[in-house]
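You will see chain A twice below: alongside chain B first, and alongside chain C after that.
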Partner chain A sequence: MTGLALVLPPFFLLVFFILVPAAEAVLDTLRVERGGQIVYSLVRYAEMLRTISLRRSVVFTILVTLASVGVTFALAYALALYLRFSKGWVSTLLGALFIIPLFIPTVIASFAMVTFLEHHGYVATLLHTIGVEDTPSLVFNATGIVLTEVWASIPFATLVLLAGLQGIDDALIDSARDVGAGALRTFLAVVLPLNTVATVITMSLLFIGILGSFTIPYLVGGNAPQMMSVVMTNYFTNYLRPDISVALAALSFVIAALAGAAYVGGVSHRERGAV
Partner chain B sequence: MSAVSAALRQRAGGLFWFWSVGAFRRSLPVLFLAGLAAFILGPLLSLILWAFAGRWFYPALLPQEFSLKWWDVVFGNRSVVSSIKYSLMTAPTVTLLSALICLPAAYAFARFQFPGRRFLLLSFLSANSFPKIGLYISIATLFYRLHLMTTFWGVVLIQLMGTLLFMIWIPTGTFRGINRSLEEAARDVGASSARTFFQITLPIAMPGLLVAGLFAFLAAFDEAQGTLIVGSPNYITMPVMMYTLVLNYPQPVGAVFSILLTVPSLVLLLLAQRLLRQGYLAAGYTL
Partner chain C sequence: MNRSWIMRGAPGRWMLALGFFTVASVVLIIPLIVGVLWSLVDPDAGWFPPAIVPPSLSLANWRAMLAVPEIGQAFAMSFLIAPIVTALCAALALPTGYALGRRQLRARRTIELLVLAPIILPGIVLATGLGSMFIRLGLSHTVAGVVLVQTVVLLPFMIRIVAATFEGVPQDLIDAARNLGASPWPLARDVLIPLVRPGLFAGGLFTFIGSLEEFVLTFIVGMPYVQTLPVLLWAYLGGRSSIFTYAAVVTMVLLVPTIILMFVAERTLKQEYLAAGFGKV
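The block that comes next holds the complex of A and B.
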């Protein structure tokens, strides 16, 4: 019971400042006045799902999030594998490099990406110098959001995946190589299955983080379609429809909760196996 | 499986013929390093050039004229200077407060059995899984009621919410990783439980707690949305100020301010780089 007493202060903060406000906000979106009476109804959600721009925003958000998670995961896995299994100057430099974005505030990362990728930005200037004139549009669209999300997410993903890889016994990898498995086969048959927990953690937490991110899509995204977090803010401040804004937030909670469930499932599976 | 690897070998001979060229395979890591360096450092270098550019027109690779005039503009702006002060006041306060509230809880999660332990530990994920914009609308109402709007402690509280997950999960993983027999040995030779904690457990846990503190500090320092809602117009922190600068001022002003905003965290980077690779973060996330 001492344990419970120690845990309650931060839990009360969580309940009082996050869970209760969230529940209140969502309940409020369900209350509708009908004939002078307050009734509970899903009309706002129906309105939200009927609005074409909102439907497009939901699809766009999910696609951009999945693309960002996929690219980050692939890059971070390659990085983690190299850091785990190679020694030498390349490994040392990569180790110093991948951590840098963690320390750059998101606002700065987005702004830096804009100066780098914009029309007549640094990438365009470099391409012009080597004679390429038709630079594709790299920012203020989905590409810009994905690139910036990947940039900002690499450190977390690499740290978690690397820690997972460090937990794999060298003897297992050596024995796979001894029986003649190539690098690819060793990776697919030994490393990947042994690193499932780290994979699930990385994927689900990246998904939740990117889905809810605001700064990056706000500064680096285009005019339409926009990610849900930006649309929520627009509905709240510009269109003066906080009800739709909260309804969208609720939908976003539900999508994030699915990823959260995947996380809990993946991590608990390991715990049952271990005990 | 052998069919797959045979097919792969065949493809390696055809479409991916270059894979069998030794020089290519040896230079692959260096290419990867160069590509990643360009991707990660490129935007930052472009930012640094902008901060010192007096005049810079496309398509010049470097500014036509270097100048420090934008630094004068930034330091001459009183609200910019005060935003630096507020950020350096709130982020450390939030980190310390978060440690005070969360570390005992993390120790309890790691060492005691109690009903609902796992559920309570997991519940902190919700603090980071609910998109913040949806929450802040109702949080603003709550903060008005509590007279916390536009106050220092209101800003501290809203930033504190974003640090709970790091300050509980990472230290829980760290405490759980410490061998109980060390604590038991100290108790056996007569040390009180408080003395055991402060002289045995805490020093061993310190690197993991520093990693947690680092993540909490960065989360607080980076927080803009909640701070904007709760703090403005009295407490404008650096990231909130950055929104105004990015959207309303010439590019070099944003670049100068970006460099200023990055300095505190870069100092942390130099101090903490070794600690980060030791697996404390992942230990916290494996529950």
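The block that comes next holds the complex of A and C.
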């Protein structure tokens, strides 16, 4: 029982300041006044789903999130493989470099990306000096959001994937090579399956984090379509419709919870001793 | 040598390494250097394409920004809130991390899911719910309110990292201390806490930086009286206008302490407590 007592202070803090307010906010979206009486109804959700801009925002959010997760995952996996299986000063230096974005506040990262990728930004200027006149717009659109999200998420994804790769016994890789497997075959048949748990954890946490991110899409995204978090804030503060804002947030929570379930599943999979 | 199975032959390996290194440094470092340059642009000369570097550098933006009292106040506010949040998270996470890492708890899964909640819930749900609650409790627009909200959202990371560290402590050491007659408090002070110090340090660092960076909830709970550096940066970039040169100065003011912390953290991060923390629920 003392074990439980040790857990109680954060437990109450989280229940009181996270679960209760969140449940209250969602319940509020269901309460509607009809003829002087409060009834529960889904009218706000119906209104939300009827609004074209909101529907478009939901689709846009999911697509941008999936694209960001995909690109981050591919790059982070390559980086983690390189750091795991290569020795030397380049590897050591890269090992120190890739951590940097973890320490850069997202407001700063977004600002840096805007100055860097803008229409007349640094990349465009550099390309201009080597004779490329027309640079496509890299920022204030989906491309900008994906690039900045990837930049900001790489350290976290690499850390988790690398931790998973460190747990793979060298002997297994050597034995795969001894029976004649090439690099690709070894990767697909040995490394990838053994690293499933780290993969699930990385992907689900990336998905949740990017889906709910606000600062990057607000600063680097365009005017339309916008990510759900930006639309929520607009509805909340500018359009003075907090009810729609919270309804949208509840929808975003349901989407995130699906990824959360994958995460919890992945972790318990490991606890059962599968890896 | 047999570890380099992924690449065959020396030239290919060098090309790959060089390619990786070039891409990584361009992608990671150059946006930040461009940011530094923006903070040093001479306001009389400006910086317009196709110039690769500003035509002339000056400290005018720095002088202008440092003359504004709000940047000093925001700096003080950020560095007042961050240590308090870190200390609170550490105090709350130590016992919980111990219970999750070393005890058999029946409600374990529920507690672990609850710890995950602040990460899964979108910030706006928290903000709207907490907003009205904080107004009722009189916590809106106060430093205490901002400290509380940051503690709540940063606590999960701290708990996970500390719990993962506790799991790694050998039971033999605890048993030995108990056999030698250590009661719970000396056991915690002389054995457990020194053994989990690296994890506590990694978690504390993460929390400290998280507090310095936290924007959305600080903005909603603290506005307009509690202004931290990200909130101020927001004002220069998102809200009123987009004054790149001033924003670049605020960026550097916020960036220098985090870079220093990064060098301090170098050793701790190598031990992968952070990764271990994320890997556990």
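In this text, the second predicted complex is superposed on the first by the 272 of 275 C-alpha atoms of A that agree within 3 Å, B and C clash if a C-alpha of one lies under 4 Å from a C-alpha of the other, contacts with A are read in each partner's own complex, and residues count from 1 in each chain.
By definition in this document, contacts are C-beta pairs under 8 Å (C-beta built on N, C-alpha and C of every residue); 3 or more make two chains touch, one makes a residue touch a chain.
Nothing here was measured: the structure is a model prediction, and the numbers come from that model.
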After lining both complexes up on chain A, report clash or fit for chain B versus chain C.
clash
Can A:174 be said to touch chain B (first), chain C (second), both, or neither?
second
I'd like to know which partner A:185 touches here: chain B for first, chain C for second, both or neither.
first
So, does A:70 touch the first partner chain B, the second partner chain C, both, or neither?
neither
Thinking of the overlay built on chain A, is A:249 touched by chain B (first), by chain C (second), by both, or by neither?
both
Taking the superposition on A as described, I'd like to know which of chain B and chain C A:87 touches: first, second, both or neither.
second
Using the superposition on chain A described above, determine whether A:232 touches chain B (first), chain C (second), both, or neither.
both
Counting contacts the way the document defines them, which residues of chain A are shared by the two interfaces, the one with chain B and the one with chain C?
3-4, 6-7, 9-11, 13-14, 17-19, 21-22, 24-25, 79, 82, 86, 90, 93-94, 96-113, 115-116, 120, 122, 124-126, 128-129, 151, 156, 159-160, 162-164, 166, 197-198, 201, 205, 208-209, 211-212, 214-215, 219, 228-229, 232-233, 236, 242, 245-246, 249-250, 252-253, 256-257, 260, 263-264, 267, 270
In their shared complex, at which residues does chain C touch chain A?
2-8, 13, 16-18, 20-21, 24-25, 27-32, 34-35, 38, 48-52, 92-93, 95-96, 98-100, 103-105, 107, 111-130, 132-133, 148-149, 151-152, 155, 159, 209, 212-213, 215-216, 230, 233-234, 237-238, 244, 247-248, 251, 254-255, 258-259, 261-262, 266, 269, 272, 274-276, 278-281
Chain C contact footprint on chain A (complex, rising order)
3-4, 6-7, 9-11, 13-15, 17-26, 79, 81-82, 85-88, 90-91, 93-94, 96-113, 115-116, 120, 122, 124-126, 128-129, 151, 156, 159-160, 162-164, 166, 170, 173-174, 177, 183, 186-187, 197-198, 201, 205, 208-209, 211-212, 214-215, 218-219, 228-229, 232-233, 236, 242, 245-246, 249-250, 252-253, 256-257, 260, 263-264, 267, 270
Parts of chain B lying in touch with chain A, wherever the complex brings them together:
1, 5, 8, 29-30, 32-33, 36-37, 39-47, 49-50, 58-61, 101-102, 104-105, 107-109, 111-117, 120, 122-135, 137-139, 141-142, 157-158, 160-161, 164, 167-168, 218, 221-222, 224-225, 238-239, 242-243, 246, 251, 254-255, 258, 261-262, 265-266, 268-269, 273, 276-277, 279, 281-283, 285-287
Sort out for me which residues of chain A touch chain B in the complex.
1-7, 9-11, 13-14, 17-19, 21-22, 24-25, 28, 75, 78-79, 82, 86, 90, 93-113, 115-117, 120-126, 128-129, 151, 154, 156, 159-160, 162-164, 166, 182, 184-185, 189, 197-198, 201, 205, 208-209, 211-212, 214-215, 219, 228-229, 232-233, 236, 242, 245-246, 248-250, 252-253, 256-257, 259-260, 263-264, 267-268, 270-271
